[in-house]
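One chain, chain A, appears in both complexes that follow, with chain B as partner in the first and chain C in the second.
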Partner chain A sequence: MKISNIKYDLPIDENVIISKRNLVSGEQIIVLKPKMIRKTIENWVKNNFSFHISSLYVIDEIDRFELFYYVIHRKSNLSFILAEVLDYNNPTTQTISDLSGTIFYEGEATEMFGINFEGNKVTEVFLPENWNKGFPMRKGWEKSKKGDKIE
Partner chain B sequence: MIKLSEKIQGKEINIGPQHPALKEPETFRIVIESEKIVDAIPILGHTHRGIEKLCESRNSDQNLYLIERICGICSFSHQGNYAKGVEEIAGIEAPPRANYIRVIVAELERLHSHLLWLGVLTHEIGFDTFYLLIWKDRELIMDILETITGNRVNYGVNAIGGVRNDLNEMMIKQLFSLLPILEQRIQKIKKIAVNDKTIQARCKNVGTISKKLAEKTNATGPTARSSGINWDLRRDNPYFVYEEIKFKVLYDTKGDVYSKIILRLDELFESISIIDQALNNLPNGPILSKIRGKFNGATISRIEAPRGEDLHYIDFRNDKIPYRIKVRAPTYANLVSSMNVLVGHHIADIPVIVASCDPCFSCTDRTLVIDRDLDKQYIMNSNDLRNFAIKVYQEDEIL
Partner chain C sequence: MVTWSRVKSPWLIHMNTGSCNGCDIEILTALAPKLDAERYGVKLVGSPRHADIMICTGPVTDKMKIAVVKTYEQIPNPKFVVVVGSCGSSGGIYKNSYITLDGVDNVIPVDLYIPGCPPKPEAVFFGIAMLLEKLSSGKLPDLKGEIL
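Moving on, here comes the complex of A and B:
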């Protein structure tokens, strides 16, 4: 059974949706207004909507960042993506790590892309302590060249 | 690195980067009061190799072999998942025979991964005879994987559009003769696991993950299924040819380490049945659809790896080189729940609980103990910690 074939009314306020588009695999990407992801998830928790956040990923679109939460609703076998567009110079949103187990996913997005999750103190997950060479997953980041001094 | 919570007082134990659960580097910073764990924080990154970044400078075929090397145990799962994703973007399907071969290799991988895990776990509880017995039987699977693919670890089976290795008559015959032997051996292993009092004493009611905790922390795979979450991508979002194969999705509700052992052993019988069905229904025909050129589109590809859901986001923008690849391996999803259940347990339970989620990092043999009160620190190796755990249980006359 293909996930994309299942009809289900998502508990998302239509007023906070900016746009919708689909991935090749069929999942719908629902882009929400800034900082509305936390409010949506809070509503789900409050209304006992059981959800599973499978992953969080960020795409550097050069002039902006796009933040994606891959959500699975197991009961209806439905998966979709909540997305938010972040300003390139000040990529800030609110954490949901207290509502779902995303603490390390957010920490990874912070250290790799420089996304600031208000309320999440985990800012270093994979990179070495005292890393000061910028955000390596950004498109403009340049890796060390042969012969560079290693501190 | 992750910073410790400021308000927590007590002694800190740094387990790792070389630690006693698996032979891969990973640090767990444990805060204790007396013998009891009050906080546990994993410090990741010791094996971070920047694979996602490297993928952005390699073409789709080169990435096949890079992505395969994410993991030495579930290498097929990562490579198969990536190949499946690129095929989705390209709008082609691998030939039926290729998909059947993928199912066979995927289930062989699950068999050896689960047995490897059980061996490690029994080693941690000091039951080395059982550990060696399990790993001896695992060799049968490693040998057949080597026969089929030419390799024991990174098989290199997948290509974009199918598989590189076909199964010949001799291989099929060998597989058919291996399956009843494996079934018999696993039954023997299960009989020991069910009846042995050492395993029961060290694993029953230890590291229990409730269904609520598993749901809140986004646990996946056998870790989630042993806590009552009835979810398996092979059934719930079928890929390759799983929709044509009959199998049961097993789950338990207890959530402790013991239930994870029994669940994984029972899953092995299902894997054997899946391989048997795949071999019986193996169609004739080509094994590879050739694809050339640039790709355009983004997809999320997911498969049920031995440890749980493996997720790849793959994004091509009219190019041979991907714009972005994101990999979320199952251990990353299971870490939060495993760290949560450590709280309230004793130091002696750390090896078993950490090993119980089948973590996939690297590890070794060093434990740094920091005594804040006395302002001193000392180092234990993994054997010290393992022996300490065995001694504690022996003194309590549990074993």
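Moving on, here comes the complex of A and C:
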């Protein structure tokens, strides 16, 4: 059964969808307008739809960031991906850590890529204390020279 | 009287079915003094024969399958299974892996899911409280895999 043929009970407002595309694995990526993911998930939580966020990851596309929320639909046990494109110079979006258990995923994206999740206070967990060498998972990041001390 | 005793002393058995230990630590935090689940009679026990609720974390690896089933069968009735974490709920990041079974519900029946990676201790605490609330009505709850 193809994912695109399945009708989820998770409504997504057609007005906030920018594009849809399928991965080779069969999973569907639904790209939403900026800052619409929180509203969508709030709606699902309010209406007790059966879903949960399995993971969250970021891709650095040099001129932009792509943020992916891996959603699992409980009733059919199938998955799809909500995506949001962020501006490279000001990557800011809203947290969903109070709605779903993504607090550490968001913290990791903040520390590694510099993405600001408004409302998430977990920002100093993964890197050493007083880290001032930038965001190490960005493609433009230059690693420190040999012998440099991490202050 | 039976309902009262069941609600006032739900004993838990915690089983790691292949998790990364993130959820396990959050469960322990829920039982630690800050939230103090023990004030509601919630207690971790070492033997499944003493337990009422089984808490599973992890997507269930191939090798753990037999252990999960055996542990579940040893718990006296009525018994409840609570799954903590995304991996246990659906496979999480191990979904479609060749070595995992994509969630606890593919092995034993599950009553309550607490998804998250990891879920906050408050969510774990809330899940247990929700189960107890349903138990206190006097009838055995039919949660049918409710998601928090």
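Descriptive notes on the structure:
As a working rule, the second predicted complex is superposed on the first by the 136 of 151 C-alpha atoms of A that agree within 3 Å, B and C clash if a C-alpha of one lies under 4 Å from a C-alpha of the other, contacts with A are read in each partner's own complex, and residues count from 1 in each chain.
Keep in mind that, in the parts below, contacts are C-beta pairs under 8 Å (C-beta built on N, C-alpha and C of every residue); 3 or more make two chains touch, one makes a residue touch a chain.
In this text, all values refer to a predicted model and were calculated from it rather than measured experimentally.
Legend: residue contacts after superposition of the two complexes on their common chain; A:S54 is shown touching both chain B and chain C. Contact with neither chain B nor chain C is seen for A:N120 once the two complexes are overlaid on the shared chain. When the two complexes are overlaid on their common chain A, residue A:P136 makes contact with chain B while staying clear of chain C. Comparing chain C and chain B on the residues of chain A they touch gives the larger count to B.
In the superposed pair of complexes, A:P128 makes contact with chain B only, with no contact to chain C.
Overlaid on A, the two complexes show chain B and chain C touching the same residues of chain A, namely 50, 52-55, 74, 77, 79, 100-105. The touching residues of chain A, when paired with chain B in their complex, are 1, 3, 23-25, 27, 50, 52-55, 57, 59-60, 68, 70, 74, 77, 79, 81, 100-105, 107, 121-122, 124-129, 136-137, 143. The touching residues of chain C, counted against chain A in their complex, run 22, 86, 89-93, 95, 102-103, 113, 115-120, 123, 145, 147.
Residue ranges of chain B in contact with chain A, taken from their complex: 1-3, 44-45, 48, 50, 52-53, 85, 88-89, 215-220, 229, 231, 236-238, 297-302, 309, 311, 313, 315, 323-324, 326, 328, 332-333, 335-337. Of all the residues in chain A, the ones that touch chain C in their complex are 50-55, 72, 74, 77, 79, 100-105.
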